[in-house]
């Protein structure tokens, strides 16, 4: 079974109104090519599930302008976002104000457990996080041995777009560095999981213990930026957004 | 902070009536040296939490006789076991019959989620597994969107004994092969987690992404069999218990 | 051919190319040896791997590579290793296509009993291992068992007498005498062994069943 | 010295050798630069690592090594990387010793508000990120904030006016004017800045507080 597909073909299947999950955390471990194509296709009314919003800094990577998640909001493609944080995206905050965008917040640890539960076939998890806060609203509270917990229900999506380092054609995914973050959990919780990777290698080239997401969770493998290209993008982005100082002698 | 300790000193702290978790699955990934010392110390009335019982075959590794978990039952050291399967241990089944041993069964997927919840600070998880069976007895059943789930509560222990491949003195643990199994989950869910490893290496010698259990979960690192010694034990054990055929020419 | 061998061979026909498959211990383990050519399935071992291969020859075993029965195994190219929690995310999460499980009893409601034999009042052995999760999560659950016990009693029952592993979870029941589909209307006899008729089968079967219009001879792989 | 700088320096004294520490963004991030010599703490970044080090110099950055603020970071020897689910097992599971969090408001019941500013009726930004889990799971929660807003209003309140991140979760409150312990009996003033007395502090503080018998001058690391 060869799961390698052309990204254009995959995005063709994505329709207005879809619920999608995106792996990554402020662009680290984020499937940038997938997002670029979703932006270019212009699909609307998305429910977007991402742990945080866009990278906090202006950078122009996509030909549409912008970087990371920001263009999805600039283009009004998102109707609802399910996240732990949206403050990095001025476009999203503006859309909230105008009533064009609904944001549903979950504490980060609850957010990831909801998705894990969705992938794991669990009916929900009980968490002490959020007790005594607005998070209690509309949720079941259970008391166990005198301690109160919120019931957080599972979360799934039609599509998950994850980012990895290497993939084989069977769909085994190896991760790299802190790019791991939300990707292995999200990979489990969608009807159709698409893995964007730096490199597609042969079956057997990934050490079984280095497989972070087993093939069973992945439906399509697409070629993303090569590692060298991705390093160039991030170097340029971090320098231009002031995150890495260029030594005076080099300016 | 140097967490490397002598195994004898660690086991000194283990008292009658303790609740302990053991990593591993039918001897693969099992902390054999730790068990040997627990057997020799003869500590009694243990509550033992292990995903399954002993390796299904007679083999004499410990000087006390026996292999894997069997001697703990042969010596009547266990008062209660919390597991998914005990059929491999004739000594345990006999002790059950005689009323000396209580066994609490959980489906394997629920067993591991209970321990994960214990380590993760969750109040419990809802699982469809066991609905319509004896597993419902004494448990809360919740109906969510028309589907029934069992509430499984968290499980923790005073001591966890896990098995790894390599450790650094900070307590970072790298696993090897399918020896992974229950170890990383168990490592999170005890007050005092002891990691038995094949090799103790320097700080920085383990690739950060190869760390299967971060140092934060581990209190003590002890030297187990070296990898070469462990390979010899398993080769001998699998041959003597008939799991690997010795070619006719070699007999 | 022995009953167990017949059953393992017949069960192999339940597997389709590309499926993720979890085989229980005993007879189900044998099924892997009879999968027809051209059908490639991905085998899961619930202790933490996908795509395992045959038992290694002496010298190729590894102390850290064993299956959920404590046996040394090999890993095929494309294999993956994961912890037990992830393994049961695969199972409970609905990512296993087919599981084949041995049974002590099955019944016409599609229930299966395979974990609890009484050893003392209210006490059972051996335990369910991963079976309760498998019957909950796998898309297709196939039970394999000998049709009758040593005294001739039917193990295909109106209602399981032992504690069940799962209620109404079976899709297919395979014995050496027959293959039944489990439907909302009850058991439907799909295949029958040489030398038996639906009538003579009823004599050795406690469960009620109807006969499929397309009833055929017990099939075996070539 | 600027208020923010004072606060970051004072907060560094809250960290003990060997602790697992999670620092929030803004002022708390600065705390790492002021940890006294001989105190070695293990820093967690909640997006998935332990033992990270300083920002890399140009050429040493890596596209896959960033912190929860999107900044490039380095990893120290002994670092570990894990997925977000594991990262919050560490946090919620009680494995973080101390967290230092910026606050919009704190109150005398030990509550902290730092996630929700109204952008429209019933709508808030920026979101709690990992803060609600941190205040739930960390053994010691320290809030850092400027004592007063730009108009001089107290941010150390009788009762938070904004939606809280956690109710009664604070152990210590550090402003540029004072350090309070949160006790079951309310706030206890432990340290006070140069030029202030408990009486003049009350003039700029909405919250009630008692004065510790051992009240001392606002401390800073050497």
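By letter and in written order, the chains are A, B, C and D; residue numbering begins at 1 in each of them.
Note that contacts are C-beta pairs under 8 Å (C-beta built on N, C-alpha and C of every residue); 3 or more make two chains touch, one makes a residue touch a chain.
The structure presented is a predicted model; accordingly, all values stated were derived computationally and were not measured.
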Touching both chain A and chain D: give me those chains, sorted by label. B
Using mean CA coordinates as chain centres, what's the gap between chain A and chain B in Å? 34
Cα centroid separation between chain C and chain D, in whole Å? 56
So how far apart, in whole Å, are chain B and chain D when each is placed at the average of its C-alpha atoms? 38
Would you pick out the residues of chain A that each touch at least 2 other chains? 113, 116, 120-122, 127-128, 176-177, 180, 208-209
Residue ranges of chain D touching at least 2 other chains are 49, 81-82, 88, 91-92, 136-137
Go through the chains and record each pair that touches. A-B, A-C, A-D, B-C, B-D
Of all residues in chain D, which touch chain B in the complex? 18, 20, 42, 44, 49-51, 75, 77-82, 86, 88-95, 136-137
Using the touch definition from the top, list the residues of chain A that touch chain C in their complex. 1, 116, 119-122, 168, 170, 172, 188, 203-204, 208-209, 211, 214-217
Can you name the residues of chain A that touch chain B in the complex? 113, 117, 120-128, 142, 144, 147, 149, 151, 153, 175-177, 180, 208-209
Note: in the complex, chain D contacts chain A through residues 45-49, 55-58, 61-72, 81-85, 88, 91-92, 115-116, 119-120, 123-133, 136-137, 163-168
Chain B residues touching chain C in their complex are 25-29, 51-52, 55-57, 83-88, 93, 96-97, 99, 103, 105, 107-110, 112-113, 116, 127-135, 165, 176-185, 212, 227, 230-231, 233-235, 238-239, 243-247, 250
